[in-house]
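First subunit A sits with subunit B, and in the next complex the same chain sits with subunit C.
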Partner chain A sequence: MRVYLLLIWTWTRAAARYPASFALMTVAGTVTAALEVAVIWVVFSNTTTLGGFDLSEVMFLYGTSGLAFAAADLLFSNTDRISQHIKAGTLDAMLIRPVGTFVQVAADRFTPNRAGRALQAAIVLGVALARLDVPASRAWMIPVMVVCGIVIFTSIWALSGALQFLLTDAPEVANAFTYGGATLTQYPLTVYGADLVRGVTYVLPLAFVNWQPGLYVLGRADPMGLPYALRFLSPVAAATLAVVAVFAWRAGVRRYRSTGS
Partner chain B sequence: MIDADRIGRSFRIRGTTVHAVRDLSFHVAAGEFVGCLGPNGAGKSTTIKMLTGILAPTSGRVTVAGLDPTRRRTAVAREIGVVFGQRTTLWWDLPLRDSFELVRLLYKVDRVQFRERLGELTERLGLGGFLATPVRQLSLGQRMRGDIAAALLHDPSLLVLDEPTIGLDVVSKAEVRAFLRDLNTERGTTVVLTTHDVGDVERLCRRVILIDHGRLAFDGTVDELRATVPGETSIEDVVAHLYLNSSALRTRPPRPGEDSPTATA
Partner chain C sequence: MPTLHRRFLTQPPLLSLYAQLVRYGFRKHATYWGAAAAGAFTNTVFGVLRAYVLIALWRARPGLGGYDITDAVTFCFLTQAYIGPMQVFGGGLEVTQRIRTGDIALDLVRPAPLLLWSLAQDLGRAGYLFLARSLPPTVAGALLFGIVLPGDAAVWAAFAASFALGIVISFGWRYIVALATCWLRDDRGLAVMSLVLTMFFSGMMLPLVIFPEPLGTVARALPWAAMVQVPADVYLGRADVPGALAFQAVWAAVLLSLGALLTRAARRKVVIDGG
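Right, the complex of A and B next:
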């Protein structure tokens, strides 16, 4: 972890040598994220509830998922470049270093451009909390769910990276799960079909990013009628997925075939 | 330093198993300077990759500095330095100095030790003029010297180089060779290199390993290598002769279907 932080700091300093490019990328990222919030406003100018949740509650779900996703995206999404590293042969250079490949790929060419997104999500969450008046007895869950969300999204990135060791030519397949997962959790899961909700609860645990713990924070009964205990299981889901991701990544590296010469 | 015991590596390519390396055994003691020769596609690079932990062998066992490079990859990485002649391990967009700083972080080299070592390497390899230049703007000779310096910042006991003199002009070649020889004699660093340049072998290596069709075809001193072809005095001609008639060198006759090509169904 220390090596990772030192590496991203070195890359940040390298990126700071081109301040104009850095500023433009950050502004572009923040504007794109702001448009997503605008979509929510547009929806609520036509209706008062979305999937049974009012504007503040939807903003709460959007903010927690957005914050977790943006943090994971900022810190670890470079791992989806693994197929480029395999093709260019730069993975060989990483394998001769005494540091784990995941850390090296994640830190490689790190730029803090995407920090704007995390800031935007944090603001949405702040506004939502100001309007919601969550009792302190349930508010403790909020930092827990954000941390679990970061772990879950990071694990999904690691899993999609591991998949690229097998499918070097199809890195886009993985995006369906990373960016797709982020979009899915922005809205109350009640807007989706029951089968999809069961899938993201019991198979790919996206429901544990913000939906299940969010129901607890908001003091809502589960509209899908799933067990009450699920809303406390985010740390278990996150830890399980992380363990699976670690093994998958290692298996991927072991299967690595390298390129010629 | 290196112990390879009947190591092999095969790849499955479109339903066919290709044996890049098979049954390769050799031992390298600390302080040796070994050259690894072989025709293109003989399995030299694959062997180097198995020694450095990049590729896992599909059969046999290898230990480097007493450790298994597949299981203890990061521990082995701390003991060895690796240079790829065809491909830099530095960061394309960063100045050489920043690349060295990243290497320092990756190997957790102490700041004082790093400055001392970098000063020494800058002087010996003549890096002073281009430390602030991005790696992509360096000439091949400069880049190679930068790569060699990067591989030695953590003071490894074994340096492995895959074709370090490829594409270099005669002056750069001479500089790289002189540096490697001094590194071996003065610091006692064990050096293993692959090459197609017999000049590297004649001027540097006390011992030669010849790999052909993924197997060990010869292992001995340069003089012994010369003696394998009576009447030939130039190493270049001896090596050419061996490449063309390599089956004569095999320690055992090839089994049916095992001769070239190396692919089996």
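Right, the complex of A and C next:
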């Protein structure tokens, strides 16, 4: 952990040497993320509800998903560069250092400008909460779900990193699960097919990022009729996925054969 | 390739040179079939996610923008199919990298215009990515949701022409963005600006027919609409075909001319910098 902080601080100082570039990339990331908000705006300029949820509720789901994803993306998404490290042979250097491989890969080329995206999601969440008027008796769930969401997304990054030990040539497959997961959780799951919802509840637990706990915060019955208790199980789902991710990552590293370059 | 060298030395650049470049562009990308397959998979997953959102919207507002649910789903998978060949997320041209490294100086003195050289390579790339990254998402969409399949051969012919024009327009736009690096020095800011404009105004994220007015009218007149929205409308039989093709041809001509002008200006710029 201390090494991780030291490494990201080093990369942050490196980024700060080019302030114009840093500012530009922060703005760029924020603007790209704002496109998703523009899409929600266009959708809701045509309708008042989407899948049974109104604009404030969709903004709440977008904000919580976006905040968790952006934080995980900021801190750990560099693990999706593992295939580049394998191809370039730089992974060999990491393996012989006395620090965990995951920490090194995640901190390598840490780009603090991705914080712009987290800020944007936090603003959307703030606006949504101001419009929703959530009672304090249910609002405690919001920080819990964001933290669980960060753990879930980080585990997915690690899993896709582990997958790249097998699919060195096809890192883009991972995007379907990482960015795909972020896209999926931006909307109420009622818009998706029932099979897909069961899949993201019981297999890849994306429903626990913001959907199940979000139903609790919003005080809504589950439109899919899944058990009530599920909305409190985000920490369990996040912890389980994290354990799976740790094993997958270790299996990937063990399976790695250097190209000798 | 000694045959190419000999021909190159003895003859002025002919059509065959460009045909060769198209072939090389195709072959170069065909080497990385694993990456293309991964791209096709990802495009399909996102197609499914987007399709569900559009279905929910059209359930709430049947007939919105003149589309029915099947039209909306078809639109979604067509646009996912464009991502590879039209390089909707930007890039795909070597020019940007060559400007940064300075190799562009060499490209500018070649006995073939840089614009046509790059266009030929890009068409080869688009041809391969059409096979590898456009067909799979479309077939998956057809199997999972059912999409519109025009029965009329004339619609298919019009769509083929419109799709090809869309690729040329996308090249024209990306070429201008790439050459602008000569003046702005930083390609990343430009790339993001281009991405945002292309994604939003092309219809890639949502069909332009549901944009609130007057934004919708403005968006439908811009070159990005000619890349994504217009070919999709031609496919769905919702466009006046001659008008749509003329609209695309005008934008293709405008962007390519602008690209040619920028190339000339870049040639002077490179000389001033000392190459």
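Throughout what follows, the second predicted complex is superposed on the first by the 260 of 261 C-alpha atoms of A that agree within 3 Å, B and C clash if a C-alpha of one lies under 4 Å from a C-alpha of the other, contacts with A are read in each partner's own complex, and residues count from 1 in each chain.
To be clear about the criterion, a residue touches a chain if its C-beta (ideal position, glycine included) is under 8 Å from a C-beta of that chain, and two chains touch if they have at least 3 such contacts.
Just so it is clear, the model here is predicted, and its values are computed rather than measured.
S.K.: Mind working out whether A:D169 is in touch with subunit B, subunit C, both or neither, as first, second, both or neither?
M.R.: Touch status of A:D169: second partner only.
S.K.: Just subunit B (first), just subunit C (second), both, or neither: which does A:A14 touch?
M.R.: So A:A14 only meets subunit B here.
S.K.: Figure out whether A:V191 sits in contact with subunit B (first) or subunit C (second), or with both, or with neither.
M.R.: Second partner only, subunit C.
S.K.: Output check: A:L6 vs subunit B and subunit C. Expected answer is one of first, second, both, neither. What do you get?
M.R.: first
S.K.: In the superposed arrangement, which partner chain does A:S137 touch: subunit B (first), subunit C (second), both, or neither?
M.R.: In the superposed model, A:S137 contacts neither subunit B nor subunit C.
S.K.: Kindly classify A:V42 by the partners it touches after superposition: subunit B alone (first), subunit C alone (second), both, or neither?
M.R.: The second partner, subunit C, only.
S.K.: Between subunit B and subunit C, pick out the one touching the greater number of residues of subunit A.
M.R.: Result: the larger residue contact count on subunit A belongs to C.
S.K.: So in the superposed three-chain picture, is A:A93 touching just subunit B, just subunit C, both, or none of them (first/second/both/neither)?
M.R.: Only subunit B is touched by A:A93; subunit C is not.
S.K.: Touching subunit B and also subunit C: which subunit A residues?
M.R.: Looking at subunit A, the two contact sets are disjoint.
S.K.: How about subunit B: which of its residues touch subunit A in the complex?
M.R.: 11, 45, 49, 52-56, 70, 73-75, 77-78, 80, 82, 84, 86-89, 93-94, 98, 101-102, 105-108, 162-163
S.K.: For the complex, which residues does subunit A have touching subunit B?
M.R.: 3, 6-7, 10, 14, 89, 92-93, 95-100, 104, 109, 254, 256-258, 260-261
S.K.: Where on subunit C is subunit A touching in the complex?
M.R.: 32, 34-35, 37-39, 41-42, 45-46, 48-49, 52-53, 55-57, 60-61, 64, 186, 188-189, 192-193, 195-196, 199-200, 205-206, 210-212
S.K.: For the complex, which residues does subunit A have touching subunit C?
M.R.: Residue positions touching the partner: 21, 24-25, 28-29, 31-32, 35, 38-39, 42-43, 45-47, 49-51, 167, 169-173, 175-176, 180, 183-184, 187, 190-193, 196.
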